[in-house]
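Going by the order they are written in, the chains are A, B, C, D, E and F; count residues from 1 in each one.
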């Protein structure tokens, strides 16, 4: 077994194929992206990650597009090239407009800036912001 | 001048007071949180940061609450205690429900996990995800 | 001098060659990887880094393979492509099995996730966990 | 519901208690640490996280102590105070000696240093390190 | 509009051209680097970012080269390939010598190491270091 | 031995005292800060770290204050509370003025912002910036 080779559908064990099938059915697509083909080397991880992702990213109190925006914000902050590329593509697929994309990036930039200003100035948290928050 | 002391309204120079006034008017509140009182030592930074933030965080293609969620996602990923506390409070103030809060945290957690799985497995970006994206 | 060109053995000053020789002798290999050839522009850094690394990564209370796993965990979390590639190769060379590789990645992923859940939920450290720890 | 209040056993819903019970049984302890009491606000997250963690952190190809060391390496690199405190305590509980603790910290320090040296010098990955690796 | 295509001068709207012109005039160069051509999709961001950068990076209490070194330190720590490449080139253009480059990298490496040692050993801040600092 | 207790001078082994003595002599102070007292549990690490730091932070092509500013830039970006507090105090001790402090923080903020804008917009590095750089 070559650890890093991608596992294609035709070479996949039944338990892996089952996950691939569910990914394609859920997303209404006919292909699997490299992330899944890579972690398929660990079928338990593949299954657990897909099931968690499906549960977490499906529409709930937050709609599916908002969830993608949050995912991108984390991925940019972590500098994860793969995740930025895949989730940006996904967000456009779910209806992100150019205007939304630009606002998203501007917020990510500002948040990273103010995160560091607050840190460098060693600002103490205001009492009012401490949990438990008045609701 | 003590660099780290917070600059209270009554001690602030007119240019700083003008920013404080605009913050309170824009947010419809009667107090200033510590972040602004700290960076007020650099009035140019204070003014620039506030004006950028006002421009970036105001409702546009994305609504104000979605923007707060993105801000929190960055702040949690950066582990910025102050920003997490202040923007979590702010998000609740703008209508974040408990359900939204939980979904937000679950996504942030998942995204941080998959960002690292993709990195550790050294997964190459799929050609389909490379910009320019088909739109 | 071109700062970023790699310094090959035949072009290296005696003090640099001495480090290269020790790297090859210690690792029982006949080549030098790019990291050392790059920082060889700063011979003091080269020597200090190699000597520290040799001291730190040699078998001690922890065996050499466990140390590589720890190195990879840091490198993945930092998203350092070079270090992930080199230390993953090194770990396989020191006996990391496919099963170990997979468990390692799963832990790195989980740890990055729970690190952020704890942060986003603003969880206070339990008194029992505060040092000095009961031993 | 106060989002940030910790959910104690006596106040927990049956599904949460079931997880708490399994944590205590698995770890052979009679208390629950704050992390679980915080994310218990999201019972699905609690259950998923605990089950994943139990699966990932149990002894396998890597022993349980090695897994804790990896967890600590991630947590220190991420600067997660809570996770450092809890997993350091846990590692001591699983047999980490003082000597191991010191070697662990030294490696984490070195890895963080060389991660940045390689980045700052913009070192290209050696062809030999590129996957698929010769095995 | 293709979000990720770079916006060249000849295709740029007047407001974008005005920023490009100011960048070239300020830097005394006749070309625009990709960063600006990318964020030009958001003219407000382009203008705001350039004006802030011009204000922040111009010589003041700190000279322009020192400012570049600080920029590189952040970019290396964040692992931002683009920023490292552009600001390293810029620093050489502003007079960074090879010796300075090497010292810079050594400090960045050491700082990243000690940041993590202090974190892993869970060291408390000395009372003397707490702000407000005696001046 | 309590791993996390600080090792005071009077309780220190001769090899540790020797380092403490050198720290105080080099810095012309009569006390030791907590960082050293913590890592003194690992005398080899203590010695290696201090000797590297003394070598790296002493005036060279870059002056001692500039080096502190770089250290702070890394520490803020890494969100290392201890290091920010200690190196900010140290920088003031070495002549950092309030104006320098403010410019430093503004640069750190901007750099963190643009690092993420470049990442989120997935900007490719300009050919001109690729090493080896024309000098």
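Operating definition for what follows: a residue touches a chain if its C-beta (ideal position, glycine included) is under 8 Å from a C-beta of that chain, and two chains touch if they have at least 3 such contacts.
The structure presented is a predicted model; accordingly, all values stated were derived computationally and were not measured.
Asker: On the document's contact criterion, could you list the chains that touch subunit B and likewise touch subunit E?
Answerer: A, C, D, F
Asker: On C-alpha atoms only, rotate subunit D onto subunit F and read off the angle in steps of 5 degrees.
Answerer: The rotation relating subunit D to subunit F comes to 120 degrees.
Asker: A-D versus D-E: which has more C-beta pairs touching?
Answerer: D-E
Asker: From the mean C-alpha coordinate of subunit A to that of subunit C, what's the distance rounded to whole Å?
Answerer: 27
Asker: Compute the distance, rounded to whole Å, between the mean C-alpha positions of subunit E and subunit F.
Answerer: Subunit E and subunit F have C-alpha centres separated by 19 Å.
Asker: Using the touch definition from the top, which residues of subunit C touch two or more other chains?
Answerer: 3-4, 39, 41, 45, 49, 52, 77-81, 85, 88, 92, 102, 104-106, 108-110, 112-115, 117, 119, 121-122, 131, 133, 135
Asker: Subunit F touches which residues of subunit C in the complex?
Answerer: 2-5, 44, 48, 52, 55, 131-133, 135
Asker: In the complex formed with subunit D, which residues of subunit C make contact?
Answerer: 4, 31, 33-35, 38-39, 41, 45, 49, 52-53, 56-57, 60-62, 66-67, 69-71, 73-75, 77-78, 80-83, 85-86, 88-89, 92, 97, 99-100, 102-104, 106-108, 110-115, 117-119, 121-126, 128-131, 133, 135
Asker: In their complex, what parts of subunit F are in touch with subunit B?
Answerer: Residue list for subunit F touching subunit B: 79, 92, 98, 101-102, 105-106, 109, 122.
Asker: Give every residue of subunit D touching subunit E within the complex, in rising order.
Answerer: Touch residues, subunit D against subunit E: 72, 76-77, 79, 81, 84-85, 88, 104-105, 108-110, 112-117, 119-122.
Asker: Name, in rising order, each residue of subunit A that touches subunit C in their complex.
Answerer: 1, 3, 39, 41-42, 45, 49, 78-80, 131
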